[in-house]
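Quick one: the structure is below, and I'll ask about it shortly.
Think of it as A, B, C and D in the order they're written, each chain with its own count starting at 1.
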Amino acid sequence: MREISFTQALDEAMLEEMERDARVITFATRRATALERTFGGKRVRFTPISEAAFTGIGLGAAGSGYRPVVHWGMVTFSFVAMDQIVNQASKIRYMFGGQADFPVTYRCTTGGGAQIAAQHSQSPYSMFMHLAGLKIVLPATPADAKGLLKSSIRDNNPVIFFECSRLAAVTGPVPDGDVTVPLGVAEVKRAGRDVTVVGLAYYVREALAVAEALAREGISVEVIDPRTLVPLDVAAIRASVRKTGRLVVVDEAPATCSAASEIIAVVTEDPETFRALKAPAQRVCAAPVPVPFSPPLEKAALPDQARIEAAIRRVL
Amino acid sequence: MREISFTQALDEAMLEEMERDARVITFATRRATALERTFGGKRVRFTPISEAAFTGIGLGAAGSGYRPVVHWGMVTFSFVAMDQIVNQASKIRYMFGGQADFPVTYRCTTGGGAQIAAQHSQSPYSMFMHLAGLKIVLPATPADAKGLLKSSIRDNNPVIFFECSRLAAVTGPVPDGDVTVPLGVAEVKRAGRDVTVVGLAYYVREALAVAEALAREGISVEVIDPRTLVPLDVAAIRASVRKTGRLVVVDEAPATCSAASEIIAVVTEDPETFRALKAPAQRVCAAPVPVPFSPPLEKAALPDQARIEAAIRRVL
Amino acid sequence: MSVEMLRAMILIREFDLLAIELRKQKRVHGVVHPYVGEEAVAVGVCSALRRTDRITSTHRGHGHCIAKGADINRMMAELFGRVDGYCKGKGGSMHIADFAIGMLGANGIVAGGLPIACGAALAAQLEGAGAVTACFFGDGATGEGEFHESLNIASLWKLPLIFVCENNQYGAENAVESVRVVGDIATHAAAYGLPGVTVDGNDVLAVHDATRAAVERARGGDGPTLLHCRTFRWLFHAMRDAPPPETRSADLLASWTARDRDAIARLEDHLAGQGVLTESALRTMRDEVKRDLDAAVAFAEASPYPDPKDLLVDMFAP
Amino acid sequence: MSVEMLRAMILIREFDLLAIELRKQKRVHGVVHPYVGEEAVAVGVCSALRRTDRITSTHRGHGHCIAKGADINRMMAELFGRVDGYCKGKGGSMHIADFAIGMLGANGIVAGGLPIACGAALAAQLEGAGAVTACFFGDGATGEGEFHESLNIASLWKLPLIFVCENNQYGAENAVESVRVVGDIATHAAAYGLPGVTVDGNDVLAVHDATRAAVERARGGDGPTLLHCRTFRWLFHAMRDAPPPETRSADLLASWTARDRDAIARLEDHLAGQGVLTESALRTMRDEVKRDLDAAVAFAEASPYPDPKDLLVDMFAP
C-alpha cells in the first residue's frame, strides 16, 4: 500500500468522488486549484467570505439535486454560518416530513497545537453532535480520512467532516482504488485487556504511543477510534469496556459537554457495561480555557502522553 | 411572600437592576415598553433584526464600561449571532490576558411544548456550556429567576440566561426586596434517600411531582436543581449521589453531548462518587429529533412524568 | 390568467382568515402568521413562474404555498398536525414545503431562506434548463446579514434568482422606519451591481410584470434582481391562542384597507371594468373558494394524527 | 504632526518586516499577517483620533496598534509569547489589545470586530463625552453579514463611528474583483443613509483629512461614515514557518510599490519638498526606529514565558 499524507488522502477522495458523480460540486473561500483545473469553474468555485450564505447554498443545492462539498476552512468560521447549520441543515429533512434529501458535506479543519490561539484552535464537534440531524465524522488516519470522506459525500444527509490540523502532514498507508469506510463503525486500533482508551483524531496516535510504552510494563491497553461521532458506534465502545472494565477518553476539546462526556454517559447508563466497570471513567481533555497562544501555556492546555498515561494508571 | 409569575419576577429583576445601576442598558428586537417608559430610549432600545450585530454591540459596550442585558428572543435566534458568542464573547477576556471585563448578560427563551416545531423549540444550553468562558444560567422557579437574573447582571462576565418557555406563566413565592441567588450553587428542591434526580428548568417541577407520587410508595427521591450550568455545582450533585447511590438526570434537550451527559460524567469520573454508585445512571431526555409540531409527536419527543418514573424504577 | 390570479388571491385571504378562526377554536395548533393584505405579492410573483421554477418562503408562508400551486388539503392537514399534511404533521404552519412543485419550504428564521434560495438557483444554473428561483422575505429581513451575503454572491455568480422583498411596513410590532434609515429597500441593489425595482405590492399586475422582467433577465443568464414590493400587513403579526391587540393607528389601517388600495378589490374592479368578470362569476368564484376550504378542513379532520411510534421516521435519509 | 505620521509609518513597516524575520527564525510563534504597504491607512486614521477614542482591529493588526500608540515592547513580547506581552502571551499576533489606549483588540474573525466597534460607539454615545470609535476591516470583510448589520444599526442609531475599509485589493489569495461586483466599496453607504467616501489609502494626509471630517461628523452627533481606503498589500497574506510564494504579477506589484505610490516614500518626498524634513533627519529617524525595535526584541527576549500553573488565570473576572 502507498504511504500518503492525510491531506493527500482527502484530495484523492475529492478527485475520485467528483470523477465518479457529476453532481458533486464544491466551494470554499480558498481556491481549489487542482480540482478547478480538472472539473472547471462551474463545479469548483471559490466564494466571497460569506460563510452563512455559502453554507445555505450548499444546503439549497443539495435539496435541488446536487451533492455539494462545502469547505468552511477552520471550524471557527462555521460559527458565522450557524443559523444555516443549526436551524436549517440539522432540521430540514425531518421538519419537512422527509420529502427531500440533503446530501451536503461540510468540511473543516479543527484543533490546536499550532500556536494560533483561541479563535483558531477550536475542537467543538460536540456542539454539532448535540443537534439531532447531522452526521459527524472525525478521522484519525489517512486511510480513514479518504474512506470516510468518500462515504460522507455519498451519504444522503448533511455531514460535518472534521479534519484535525495536526494530522494534515501525517502519512500512512492508504489502499488503492475506490475503498470506502462506512459511517458509524468504530475501529479497534490496538487490542488490549486492561483498559479501554477511546481517542479522537490526533489523540488516537498519542493513545497508541502510550499503549506501546505501557505494553513494556505488561499493561495491555485497547485503543478505540470511533471515527464517526454521529452515528457513534456505541456497541463497539461498550463491548470493549465490558471486556476491560476501565475507560479513559482522550480528546483535545474542553471536557464540559464534550464527546468524551457523551462516551462516558453511554457507557455508564448501560446496565451490563456499568456492572463491568471496575473504576471511575476518566476524561483527558483540554483545560477549560480558550486555547492560549504561548507555547508552554498551549502545551499545558492540551492533553499529552503524560496525562493519558496518568489517567490510565489512575484507573488500573 | 408574594406569589408572582416567572415572567413578572424577571421583569422585576430588570427594573430593580436598572434602577440600581445606571450602567445597565438593554436591547432586543422587541420593544420593552415598560422599561422604556421608566428609563428612556437611550438605555432601553429596540433593534433591527440583526442578532449578530446587537450581540456584538452588547459585548463592545460591556468592554467600554456598560452592563448590557441583551435579549435574543428565542435561543434559536442566537445562532445567527454565534460568531459573536463563540469566537468573541467566550474568549475575549482570556485571550486579551484579562485586561478588561465584559459584564454582558444574554437572555433568551428556550424549550418545547408549545407546538411551534423544530426551529422554535430548542434547548441547546450544552452547546454554550462546552465553550469555556461563558456562565450559563437556567432557573426553574420565579424566585430563582429573579435572584439569578440579578446576579447575572452584576456578574462581570458574559452570562447566558435561559428562560424556559413553559415556565413563563408559572407562579411561585418571590421574596420582596433585593434578594440575589448566587451563580454556581445548586439547590436541593426536595431531600430524599433512595435516588437523586437532577432536573433542569421545567423538569424540576415534573421531577418534584414524580417524587411526591413515589413518596406514597415509600420511595424517597431527592430532587436537585443545579440552577446554573456553568459554574455547575458539582460538589452538591456528587454529595447527593454519594448519599443515594443512584442518579437520574431529566432535561428536554436531546441526550447526546447534553448537560445530562455532563452530569453523568462528573459523577462517574469521581472515584468516591463512582464507588457509591449502585446502578447505571440514567438520562431522561428528548428523543434525538428536531421537536416535531403535531401534539402527539411532540409529546412523544419530550420527557414526561411517566418516563421519569420509569427511569427511577429502573435504577432502584 | 388575471381571473386565475384573482381566484388565487381570494383563496389565500380566505385560507388565512379561516386559519385564524380554526386557531381560536384550538382546532389547529401552534402559531399563525396571516398574509391577509399581501396576497398580490405572492400571486404576482408566482404567476410569472413555471412549475419547475422554485421558491423559498418565510414564517408567513401560506400565501406563497397557494400561489405556487400547493394543495390546500395537505396544507390544512399540516396545520391540523395530521399525517396527510405536507410534512406528515412534523412541520406545522412555519415549515410547510412541497418540493414536487418547487416550494422549498417556509422558514421560521428571518432571512434564513435567502442562502437556500441561492443554492437552488445555483442548482438551476448548473442544470442549464432555464429554471429560476424566487425568494420571499420581509422588510425586517433586510436587517440580517444573510440578506446582504446572498445579494452579493448571487450577483457575483449571476444566479437566476429574484429577491422578493415583501415590505409590509412592519416587522412584528416595529415599523420599517424604526429599523432602517432608507425607506426604499431597492436602493440596496446598486452596491451589488444588480437591478433594484420598487413596485406597488398591492397591484398584482404590476408585481407580475416586474417579476416577468426579472425572470427573463434571470433565464437569460444576466443574474438576479431585487424586487421591492410595498404592501401592508392588515392583521396582527402572529397569534397563538388569541389574536393580540392592534397597536397601529386606525387611520393607517383604513388607508391601506380602502377599496382602492386593497389588492383583491382592485383586481376585481379592474376585471369588472374590462368586462372579464361579472358580479355573478365573482360570487361563484367566492363560493367555490369557500367550498374548497370546507373540503380542506374536512380532509384535514379526517386524517389521523401521526402515530408516536413514527417519531424517529424521516430523521436520516437512507 | 506630519513628521510624527512618517515616523509611525516607518515604525509600522519596520516592525512587520522584523516580525517576518523573527518568525522565519522561529523566535516568534504562530501566524504573521504583514501590514507592509498599508501604513497610511492606520496612521491617517489614528492621527485624527484622540487617545480616548477607540478602535477595533483585524487579524492584520500590528499597524493599528502602533498607530493608536501601543508600546512596541509589549507588542513584541506578545509575539514572543512572553508574560510581559499585552495579553501575557495568551493572545499572540492576532489578539493584541490595549484597552488603556482604546485599542479594543485585533480579531481573527473577518468582520468580527464591526459589531464590537458599534458597541464601543454606543458606550461613547451614552457617555456623551464626544469620544468616537474607528473600526478597521478589509475588503474581504464586505462579504460578511456583520458588515451589513453593523452599517445599518450604526446609521439608525447615529453612532459615533468611522467604518474604515482597508481595500488592499486582496482577501487572502482572492482579488477583490473576484468576490464582489462593484469595485467602489463606498457605494454601500447610500442604502444605509450615511456618507460613503473613497480615498487614496496610500496618501496619509488624504486619509487623515477624510477621517477628520468623519470624526467631526461623529462627534457632532450626525452618525457614522464609511471610509473606503484604496491601498495594497505588498507582501503575502500570512505566514507560518515560511512566507508563501507570491502569486500576483510582478507588474501589479511594481505599480503599487513604486516610489510615487508608496505611502512612506510619498510622505518623505512631500516633507522634503516642504523643507520640513532633511535627509539627515530622516536618517536619524530611521536609526531611532531601528534602535527602538532592537530594544523591543531585547525586552521581549528578557521576558519569561508564562508559567503553566497560570493557565487558568484570567478566565473569569471576579
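Here is the rule we go by: a contact is a pair of C-beta atoms (placed from the backbone, for glycine too) under 8 Å apart; a residue touches a chain by one contact, two chains touch by 3 or more.
Model, not experiment: these values are computed from the prediction.
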Which chain has its C-alpha centroid at the greatest distance from the C-alpha centroid of chain A?
-> C
Which of B-D and A-D has more C-beta contact pairs | B-D
For chain A and chain D, what's the span in angstrom between their mean Cα positions?
-> 36
CA centroids of chain A and chain B: separation to the nearest Å works out as 29
Where the centres are mean C-alpha positions, what is the separation of chain B from chain D, in Å?
-> 40
Chain centre separation in whole Å, for chain D relative to chain C (CA means) = 45
Among all residues of chain B, those touching at least two other chains are 47-48, 50, 52-53, 76, 80, 83, 87, 94-95, 117-119, 132-133, 287-289, 292-293
Of all the residues in chain C, which ones touch at least 2 other chains?
-> 87, 89-91, 95, 107-109, 143-146, 149, 152-153, 156, 179-180, 315
Classify the chain contact graph as line, ring, star, complete or other.
-> complete
In the complex, the residues of chain B that touch chain A are 76, 79-80, 82-83, 85-87, 90-91, 94-95, 117-119, 122, 124, 126-127, 129-133, 230, 232, 253-262, 264-265, 268-271, 273-274, 279-283, 287-290, 292-293
Per the touch rule, the chain C residues reaching chain A in their complex are 54, 56, 85-91, 95, 97-100, 104-105, 107-109, 112, 114-124, 126-127, 145-146, 149-150, 152-153, 156-157, 313-318
Using the touch definition up top, name the residues of chain B that touch chain C in the complex.
-> 29-31, 46-53, 76-77, 80, 114-120, 287-289, 292-297, 299-301
The answer for chain C against chain B in the complex is residues 29-31, 78, 81-82, 87, 89-92, 94-95, 107-111, 140-141, 143-146, 171-174, 178-180, 240, 305-308, 310-312, 315
Residues on chain B engaged by chain D in the complex (per definition of touch) = 25, 42-43, 45, 47-48, 50, 52-66, 68, 83-84, 87-88, 92-103, 132-133, 135, 156-157
